[in-house]
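A, B, C, D, E and F label the chains in the order they appear, each numbered from 1.
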Amino acid sequence: MSHKTAGTQQTPKNESAMALPLAPAPLDAEMSAYFAKCEEKLGFVPNVLKAYSFDVAKLKAFVAMSDNLMLAPSGLSKLERELIAVTVSCANHCHYCLVAHGAAVRKLSGDRMLAETIVANYRAADLDPRTRAMLDFSWKLAVEPWLIGEKERQSLRDAGFSDRDIWDIAAVAGFFSMSNRIASAVEMIPNEEYYGMGR
Amino acid sequence: MSHKTAGTQQTPKNESAMALPLAPAPLDAEMSAYFAKCEEKLGFVPNVLKAYSFDVAKLKAFVAMSDNLMLAPSGLSKLERELIAVTVSCANHCHYCLVAHGAAVRKLSGDRMLAETIVANYRAADLDPRTRAMLDFSWKLAVEPWLIGEKERQSLRDAGFSDRDIWDIAAVAGFFSMSNRIASAVEMIPNEEYYGMGR
Amino acid sequence: MSHKTAGTQQTPKNESAMALPLAPAPLDAEMSAYFAKCEEKLGFVPNVLKAYSFDVAKLKAFVAMSDNLMLAPSGLSKLERELIAVTVSCANHCHYCLVAHGAAVRKLSGDRMLAETIVANYRAADLDPRTRAMLDFSWKLAVEPWLIGEKERQSLRDAGFSDRDIWDIAAVAGFFSMSNRIASAVEMIPNEEYYGMGR
Amino acid sequence: MSHKTAGTQQTPKNESAMALPLAPAPLDAEMSAYFAKCEEKLGFVPNVLKAYSFDVAKLKAFVAMSDNLMLAPSGLSKLERELIAVTVSCANHCHYCLVAHGAAVRKLSGDRMLAETIVANYRAADLDPRTRAMLDFSWKLAVEPWLIGEKERQSLRDAGFSDRDIWDIAAVAGFFSMSNRIASAVEMIPNEEYYGMGR
Amino acid sequence: MSHKTAGTQQTPKNESAMALPLAPAPLDAEMSAYFAKCEEKLGFVPNVLKAYSFDVAKLKAFVAMSDNLMLAPSGLSKLERELIAVTVSCANHCHYCLVAHGAAVRKLSGDRMLAETIVANYRAADLDPRTRAMLDFSWKLAVEPWLIGEKERQSLRDAGFSDRDIWDIAAVAGFFSMSNRIASAVEMIPNEEYYGMGR
Amino acid sequence: MSHKTAGTQQTPKNESAMALPLAPAPLDAEMSAYFAKCEEKLGFVPNVLKAYSFDVAKLKAFVAMSDNLMLAPSGLSKLERELIAVTVSCANHCHYCLVAHGAAVRKLSGDRMLAETIVANYRAADLDPRTRAMLDFSWKLAVEPWLIGEKERQSLRDAGFSDRDIWDIAAVAGFFSMSNRIASAVEMIPNEEYYGMGR
């Protein structure tokens, strides 16, 4: 249970959130409320947010983009978006994102075996053709973005995705190509709570 | 000269902005003003913005993050941030970003040879050790993010960067690792104006 | 509790152990006892053994080499050998081995966070210099074996390893370079029990 | 002609077999007989065996697996298995295995040009579709094992291989993925005799 | 305007042509005339020629091969040959060749946007199937030459190329695989004039 | 013994020289003499020359450059140049060049074991530091030319090479980066005689 109240300003500690010792700045009301909601819903504030909190403008920009991508209405389910997150993070061997989004896959799917399989290699999972096409595209975009073209977009259409869905797949795969790199560069440390989530 | 007025809503055309035929949505006042400002300052609205305009929430999130990274106060100059953008885009062979940010390097540096050199291979440019270290880190983060660790961060500190600067380098390199992929996946088409800018 | 008795011959089912439908052969007494011991100690027979059981001679050769490498006296602890197994399997994105040997790391170390970190990227773990040197060598041997030479061997000696230890590191890293490939080629399916082991 | 008698114990010298100076242990009767047979048949004991002889249990496990893979009944001819060995060793630039198994290809095929071609690049050899499919699979398994799936297995079936053959191809390609790495890591030195064998 | 007369011998300065301080040798009449013609036609002597001028025999061999490949009659237009040059140079991130041959594409095509697109990633250009097939082959030959075979040659035939054209494509792509490496190894510096040519 | 006389024109057959069926053109006197000399000295005309003979101008340009690089006075011995040729050809898995230049190494060094070792992996050869530095540079230039810079050139200087030698190393490594690709693209077939040469 969290004792934080939406609207109070707080200065989060981030000394254990990453390898860069950047002192957190005081949160504004919106971000304080956001952190409080995290504690309420998850039981903790994800370290990626604590890491960003040295600069509230950056934190807010990150939260806005991340929440739009992962939570806003889309032809992709939330689970599908998390599967992309984990697949891209596997290609990039990103510790923080594999732990945090592996947990999200467990939570959303209720299937811990699926989560661990995607962390290891999505090709070993028993996926329907739509999901497989989505992850094939995401992996290729992650590792050889210069090769993506009309043929790859058509593969997604053939698997039932709309052009709008193609944007969303690209945007989520792109976002984790960013997050993976920032997390690796500053050595973000996953919250302990993630390891047990959804088991 | 632009005839658009801040505050009027407009529906931009994006049929030539990318390969996905997503109809632009009506802009809200803030984004209308933003597009008007682009026309005023640059003479055109960058196609990346037109591409994003099918969904104003996504557009705003992209603009907020992009502007924060490239324009907000930082230990990195605006030119340095553009050099990272071009270096990462070179690693990813991203047409849109090489053209658009190559133009930005020309504009900010007044040095068209520098811009073309970074587009080709930053190692061929005559760079001071600080800039070289910054771009070496960015390249490695772009192509092998899983190898980045304390040693690479220390190289940046040895070249005079603070821990806050390290964040900014990682965040800009990460951002273009994302943008490159989205631009390649949807085949963003650089505005013609970029090709002549700063020459 | 297992109802199998050492010495009785049994024909294991392997239809769910891998993608190749090779009918299991009757086990000889030695292998029957071995399978029984697995059930007793682990509660199940690892699917890699069921997969191999279509040919008892191959099964026995695999068991002999595997047990020698992972269990025989060595300057490397059993946990260290499992850390190599997981590191190499991460480089090869091998689902079966990441699940099975990730479980072994949890069991031997009692540290589920360590296990999940090594599965993701051993460089993100907080390792002593000896372990880090061992895994750096193993990763390089896994991905660019043609570059290994006296310099890499000396790095291990500098970290405190004997020449005999170097053999053992190479042999374990080599063994999983084999197992990863066989498991991927025939699509071995990790036993469900692994997912919960050591949590 | 060898003067060794099966059953006598001998302590082989391995100082020239590899870069690690591990003193050979006394062989047991079985291995003494095995070494004697090598001398009788080949005229020498392969250095890989001398290298392993610092620990007789490891030597025996290696011999058992190696002989089973390369000599036991299989849908693959002995020559086919050697072709896989050389193809994988080419992908890994493994000196020891290219020399030793290149010699085996010469010996088994009586075609020194074929052997030298496979050492260089199997795609340049004039191969029937079955052999080509087998080596394409082996190369992919050697360099990108995480990409192997049903499609690749089906290619082998289409070329006439049974599921059991697929196992054998995977097992031989996997085995040399291991041997290549151990040989490179300890710098095994091919016996001089190999260079002239089969010419 | 050049004051050099065909037939006079001259000793070019190459201190700014590359990183290796090799003193230029006196040119013979043929090369003096050639340099004079360069100045007449281009307004300058390309630095690659100045770099080679430390040894007139090497210079002449280079000029003979280069001119034969780029200027002699062929089923490939001069522009097509320059497109191959730029595509291969992009794969190799070769600064000198991207600047010099990017300029040639601008000059021959009159299309500065095309030139900049090929420098960035030829897949983003709006190419007819023949040109696309030619550049796909060239890229593959540049980065994975060991994979080229009958299938790739057939793709060129299917796109309308003759066997003689295939030779020419291979020869031009091969030549820039050489030039890129020599230029990078000695750090050839593009003449300033290239940056403005054809704009 | 060759029955050809220098000065007579001949039309070589190249149907077995490569996969492209390009009819050989009549040789001019210079090339006829050159081919005759090959037959006299080697006992055969190398297939690379027969392949090129569909166009005498191309043949002459190739011969001029090749002979200058491999035979003209240089700080590098002829054997050293052949070692570079084989090392680069190994990186590119080029069948024709590995067979032909592997033979040249055997012939020039009188050491068939050295030749076979360089074909497999030059790092496994027992090389003096000068030769090792030369081949390390050549390998890096072959596989990652965009990374070569002052540091790599300095490594050569530290190993005793002059700036002129650096040019020659780069030029030979570059030349085989070209030849490997042309040979692979047209599938040049090594003359049978090469396989036995120098054994």
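Assume a contact is a pair of C-beta atoms (placed from the backbone, for glycine too) under 8 Å apart; a residue touches a chain by one contact, two chains touch by 3 or more.
In this text the structure is predicted, and so the values were computed from the model without any measurement.
*Asks:* How many degrees of rotation bring the Cα atoms of chain C onto the matching Cα atoms of chain E, given to the nearest 5?
*Replies:* 180
*Asks:* If I average the CA coordinates per chain, which chain comes out farthest from chain C?
*Replies:* Farthest by centroid: E.
*Asks:* Looking at chain C with chain D, do both copies bring the same residues to the contact (over half shared) or different ones?
*Replies:* Chain C and chain D contact each other through largely matching residue numbers.
*Asks:* Please report how many Å separate the Cα centroid of chain A from that of chain B, as a whole number.
*Replies:* 22
*Asks:* With centres defined as the mean C-alpha position, give me the chain B-chain E separation in Å.
*Replies:* 30
*Asks:* Report, in whole Å, the distance between the mean C-alpha point of chain C and the mean C-alpha point of chain F.
*Replies:* 45
*Asks:* Quick check: how many Å separate the C-alpha centres of chain B and chain D?
*Replies:* 52
*Asks:* Would you give the residues of chain E that are in contact with at least 2 other chains, written as numbers and ranges?
*Replies:* 93-94, 121, 146, 149, 184, 187
*Asks:* Please classify the inter-chain touch graph. Allowed labels: line, ring, star, complete, other.
*Replies:* Contact map by chain: other.
*Asks:* If we use the touch criterion from the header, which chain pairs count as touching?
*Replies:* A-B, A-C, A-D, A-E, B-C, B-E, B-F, C-D, C-F, D-E, D-F, E-F
*Asks:* In the complex of these two chains, what residues of chain F are touching chain D?
*Replies:* Those residues of chain F that touch chain D are 90, 93-96, 98-99, 102, 112-113, 116-117, 119-121, 124, 184, 187, 192, 195-196, 199.
*Asks:* Can you check the complex and tell me which residues of chain F touch chain B?
*Replies:* 146-147, 149
*Asks:* So in the complex, which bits of chain C are touching chain D?
*Replies:* Those in contact with chain D are residues 19-22, 54, 57-58, 60-62, 64-65, 68, 72, 92-94, 137, 141-142, 145-146, 148-150, 152-153, 163-164, 166-167, 169-171, 173-175, 177-182, 184-187.
*Asks:* Give the list of chain C residues in touch with chain B in this complex.
*Replies:* Residue positions touching the partner: 121, 123.
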